[in-house]
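There are two complexes below, and they share chain A, which is joined by chain B in the first and by chain C in the second.
What follows is the complex of A and B.
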């Protein structure tokens, strides 16, 4: 039993990293624009396929380092396209956004099926990512360490963006009071486009990380989108700190549960945990007054 | 930016089908200060909102230094030199005082990206220096009002629109606001249009007044030589 706990905790951390990368974009777009992007899971899928293509063309370490910006930019551009063509036009009609982005999700899944087939594709990761780092009697898979590191870098970059740049200040201002931000001369439309693209770009990064752990399929994003929504709700909508804490909680609960029960029951326990937590603290981990909570 | 001249020609605004402003003609020279007075619900705030572009304009024109603002978004109007301090202040509650002030630099456009806050803001409102690190939501009503005005001034506007700046603010802070606005007007050549119920305060601040009733301007003129009591009687406040 003791030999199981530490590796499972480490697994929990890496699962939490994936949940977090998947959930950050949702938290950003919902917090800022009240938009639930049902095609968010497909941004993970897109990132995964872009990683597959990049590593097919450029194998080895260079490939994986190239795949990260390619997936980020590719998913961010797709996000920008969705924001400009659909989300922006439906801002006043949140339910319609839900349906429209669900449509985009179906189209993207089918497009992936047509292009790459229904069976998953395997990314040829460099050898060092397939190994593990031995620490005493324990082995830590390198791919999971890589994911953890990438997540920390993303969080650090976001913290820098929000706390130290004028663009970050404008994002926080729009988040708190859209109308006042506009009256001060902030181009709210541009801020929202940037945030949506940033959120989908981060989901694209999550896709690269997923591709390191298993095959990329047209529906790979779907299996992460539900936990990602759970993370956003649990974290307190629109809060990055809350989202981070919630992802950690869910990743660890899921991993620890799997020491005692099988995966399906662990998922059930996860849902139960979220329901119970929200009974006690309906506003989530961190309360924030963003536009998403005002109405 | 120095002061900008404001001219309204036949301005009309509506909420849905209901017209709340009609045929508003008004002229305010660069560097002038005008008090807009009237009872609640006569359209004063709507008039300020329409000039800022946050209310639906259904007719007429808003001209700033002769440039037609009609059809421009609020952020474009801010860049053109209009700033509004709304009723209720709309401070960003989770941003610090300094951060709130820095959002005001957005009105400078590209120049604002690297611009520093003008030191003059803290000379006008010394209290803000003491609470610079505090979150906007934790300030008192008076401090928030000073912050809201300073934030609007950070973007160096030509026209400052103020909606009830003395509301819910204790008398000594109202005096400070009056002093700061008078100074800002003198140093920046600022044009001010202020909606206010506190006629004593606004009469000292403004050189001109316009009295509103039922969505129209019913009387306008210079404040000097016009008894506050007569205007108060006219607009029934």
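What follows is the complex of A and C.
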């Protein structure tokens, strides 16, 4: 049993880091704008294809290091476009935003199908990423360790951004009280645009990580997006800590469940876990207390 | 006079045309129309739940599927000579019928399951959400996860659910041969009758105190709480009714299409059910019926002749309806009249 539990725990951690990368951007924009971008999964897909293109031009280690900024910027630009043309216009109607961004997701998927074909493309990762690190009796795949490291770096960078920079201060201010922040002269529209682009950019990064694990297909984002949505729901509004804890919980629950049952039942159990958890804490792991009646 | 015709005459004219359709159309076209009418029954539920209740469900496919699979399981068993197994179970090497399949051999049980199972499952799920005041985006996302989990489960349990291919190859329902043209027509009229009943029922519900309160809770939840109303039971009932209609719709659709499969109940079909309603008008039962049938026809026509184009168009439709036409076609008609 022990020989099974430890690798599954590492697996859970690795799945959790992917969920977290996919969910961070969603959670950040949800905290600020109370909207969920249903095309977020396609930002992962976009990041994956950008990684594929970069690595086919520049193979090897340099390619993977170049793919990270390329995917980030590409997905962030796409996100900015979506925010400016759709999300901004639908801010007062969050449910309609779900529907409209789903339309974007359909169009992007079909575009990917037309450009790259319905069958996935394989990213040629450098050799050092394909091996594994031996620790005692266990082997840790290097690609998964790389993803864990990247997730930690992203979390660290976000913490720095929020705690130490002026832009971060503005973001926190809008997060706490939008109207008051606007009155104090913060350009709320710009902050929201920045945040949305940042969120989709992180999803683009997540796409590069996905490309290291398997083929990039037009629907690659779809398989991660529903768990990512659940992470956002479980994490509570607008808190990175909450999102991180929620991603860890879901990653571990699904990994541990997979010791006993198969993937599809594990997915059911995951959903059941979220529903039960919300019975106890309907506002998620971390709740920000507020006197506002309509938060 | 023309105005009177348009307001009073048109619905009756349409009903008359719908009643006469079996004599005017080919069997194939009639079958298509019947499927789309079955879908429209589901749309009526979304008008109540989403349009007037303000609760968006992206998981109606689950309830559609519960109804569809319930009747499909019955037909699979009814067609069999006693004691043998449905074809797909034989192919996957099962030797005995699972216990939870057995009661579906009874027509009464299957009918009850169609009518009760989706409604009860929906009400139970909704209660667990609304009693903790989970609504809006959170609610929508959780219903989507529900549809995903259901479809994945169906696919993975091939030996008892038929897997990816679903259940198909039905011959008879309650002793009537489905291939018989008369049975096809009868089922069409049954669908039409249930659609009309659903339409009248939803209109009555919306005009009642229940409908008014549901709408008020959508617009001013806290005010209603201060006035002493708890929204939870109202929302649970609205969700239960929508789930009931979805189940009924799924059962009828399965009869007309001759198949029910995970591809009709998962995330993608579930959100398409929402767009069917959005196009016609989320607030208007008549608009939702019209929109559903129109979009279904468009999909049938375009996706068979230009399959690649269809997804672009559908995506554009999702975007255009909510940005340009939030009231749907019905909203447009209302504006013209005002």
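Convention: the second predicted complex is superposed on the first by the 288 of 295 C-alpha atoms of A that agree within 3 Å, B and C clash if a C-alpha of one lies under 4 Å from a C-alpha of the other, contacts with A are read in each partner's own complex, and residues count from 1 in each chain.
Methods note: a residue touches a chain if its C-beta (ideal position, glycine included) is under 8 Å from a C-beta of that chain, and two chains touch if they have at least 3 such contacts.
This structure is a prediction, so every number in the text was calculated from the model and none was measured.
Contact with chain C, but none with chain B, is seen for A:275 once the two complexes are overlaid on the shared chain. Legend: residue contacts after superposition of the two complexes on their common chain; A:65 is shown touching neither chain B nor chain C.
Of the two partners, chain B and chain C, it is C that touches more residues of chain A. When the two complexes are overlaid on their common chain A, residue A:57 makes contact with neither chain B nor chain C.
Residue contacts after overlaying the shared chain place A:115 against neither chain B nor chain C. In the superposed pair of complexes, A:166 makes contact with chain B only, with no contact to chain C. Of the two partner chains, chain B is the only one that A:182 touches; chain C does not reach it. Interface residues of chain C, counted against chain A in their complex, comprise 50, 54, 56, 58, 125, 128-129, 132-134, 136-138, 140-142, 144-146, 148-149, 152-153, 155-157, 222, 267, 271, 274-275, 278, 308, 311-312, 314-319, 321-323, 326. By the touch criterion given at the top, residues 52, 54, 73-75, 78-79, 83-84, 86, 90, 92-95, 99, 102-109, 112-113, 151-152, 155 of chain B touch chain A in their complex.
Residues of chain A touching chain B in their complex: 166, 169-170, 172-173, 176-177, 179-188, 288-289.
Remark: chain A residues 30, 34-36, 86, 89-90, 93-100, 102-107, 109-110, 113-114, 222, 226, 229-230, 232-233, 262-265, 267-268, 271, 274-275, 278-279, 282, 293-294 touch chain C in the complex.
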